[in-house]
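Below: one structure in structure tokens.
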Amino acid sequence: MPVQLNRYDNSWYKTGRSAFVRMLWLLTSSLFVQCNWHPVSFLRVLLLRLFGAKIGKGVMIKPGVQVKYPWLLTVGNYTWIGEHVWIDNLTKVEIGNHVCISQGAYLLTGNHDYKKTTFDLMVKGIVLEDGVWIGAKGIVCPGIRCCSHSVLAAGSVATKDLSAYMIYSGNPAMPLKERVMEKA
Amino acid sequence: MPVQLNRYDNSWYKTGRSAFVRMLWLLTSSLFVQCNWHPVSFLRVLLLRLFGAKIGKGVMIKPGVQVKYPWLLTVGNYTWIGEHVWIDNLTKVEIGNHVCISQGAYLLTGNHDYKKTTFDLMVKGIVLEDGVWIGAKGIVCPGIRCCSHSVLAAGSVATKDLSAYMIYSGNPAMPLKERVMEKA
Amino acid sequence: MPVQLNRYDNSWYKTGRSAFVRMLWLLTSSLFVQCNWHPVSFLRVLLLRLFGAKIGKGVMIKPGVQVKYPWLLTVGNYTWIGEHVWIDNLTKVEIGNHVCISQGAYLLTGNHDYKKTTFDLMVKGIVLEDGVWIGAKGIVCPGIRCCSHSVLAAGSVATKDLSAYMIYSGNPAMPLKERVMEKA
């Protein structure tokens, strides 16, 4: 049975906002958030909050950051979101405290049931717990939980949950070694 | 013998359009196609067709899509081209019906003869047959044919042809399992 | 001991230019360098030089190229920097003669000491020697030297130095075969 994308039906999926608000966000993001012409983190945080994102204190958001739906994003305190990070949150993405998402990283929440001729949409959230580090150009797949202080190396692809205080690398990412913290 | 890029000669290579048309396309694409400020798929399809792309019915093209030369692009019916997909078609790229190219995927058609001091350009087209799914941030290398209903997993790199109804993942992508379709 | 990004201190790190110059560069880059709307390599070279980059003759810089700090960039003669190449140079990046950095490649110079609760910044330069080819969407990690005429395949991640006249591929990149040059 071949795929028939004309029979695709995602009418059950709700973004949580009207088409008008989504277009307004797209325009706002394009001009002031995803843009590269200004470095003002505070403005990005402000606009994301205005569109419903829950963002803690001391959060730094760099130029080029793209967020699909701010109202589905939660960010804790003292977290960094680097240049050109793409949070493609069709559903909830929860980012904890003291998390570093390095430049060019990508969080993916959408999938399709490739066995179905209707190619049904499947969305699964992502959780990045406290102290997690997603390396530059890292990719986190749908439904993944990166447990406390886990690390995904630059350019790696997380296809399974990352265990606490473990470092992963490669495509798909495999455990490399433990993250042993020094005493302060 | 060292490489000497000052001796590079791609005068044999023809884009198929004048420098003026190419500049006009670059500007048009920058403002209305590759841009992120509007979500109107129809406008993107219209402009690509205006510059010579053959695009079927029911095709969806998302914001951020970059096409090198529209006049070298063929897209069938009911195909989806996701956000920030980059179709870098120095030569013909043929995309079939009911194909899904997910967000951030990259189709590469240019290569160089690295054995030559003149680093000669080599271009090879790409074919994505009906029902193919290129996962998010996937990369398809020059000359690759993705046969009917093959799947490239998110973040994977296709360096060889993909067999029909097979799922590939990794860098380089290796066959993972068969894509068994359910009866409708 | 958990990570505490509020205790992060990079006051020792100097960009080498005032905040005003950095903002001016960000704006200039956004409008005329990193932008996609014009193909004029000469303008990009000119602006990079104006902000302190040392760039040789016959250098080609394509649309979408992003350079963090031009004053920390050195490029030799007859080198190509492809579309959407991202030179994220927090410290010196030295690119030799006749180097090809293909489209979408990424040079990373920043790292963090993940064992420290203060997540200290660590910067390490990158050197691309003469005749090197970084393939499309390739990633070069901090501190890496790509020796003369080494090649990184498309989509690969260089985590160690690349030996002269050797071809590497994969994530992490492993030596594949020798680059045997033909006589001219």
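Each chain carries a letter (A, B and C) given by its place in the written order, and its residues are counted from 1.
Note that a residue touches a chain if its C-beta (ideal position, glycine included) is under 8 Å from a C-beta of that chain, and two chains touch if they have at least 3 such contacts.
A quick note: this is a predicted structure, and the numbers were derived from the prediction, not measured.
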{"item": "Rotational angle, Cα trace of chain A fitted to chain B, multiple of 5°", "value": "120"}
{"item": "Interface composition of copies chain A and chain C: same or different, split at half", "value": "different"}
{"item": "Centre distance in Å when chain A and chain C are each reduced to the mean of their C-alpha atoms", "value": "25"}
{"item": "Residue numbers of chain B (touch at least two other chains)", "value": "171"}
{"item": "Of chain A, residues touching chain B in the complex", "value": "1-6, 22-23, 26-27, 29-31, 34, 66, 86, 88, 106, 108, 110, 112, 114-119, 139, 141, 157, 171-172"}
{"item": "In the complex with chain C, residue positions of chain A that touch it", "value": "35-39, 58, 63, 77-80, 83-84, 98, 100, 103-104, 130-131, 133, 136-137, 148-149, 151, 153-156, 167, 169-171, 179-184"}
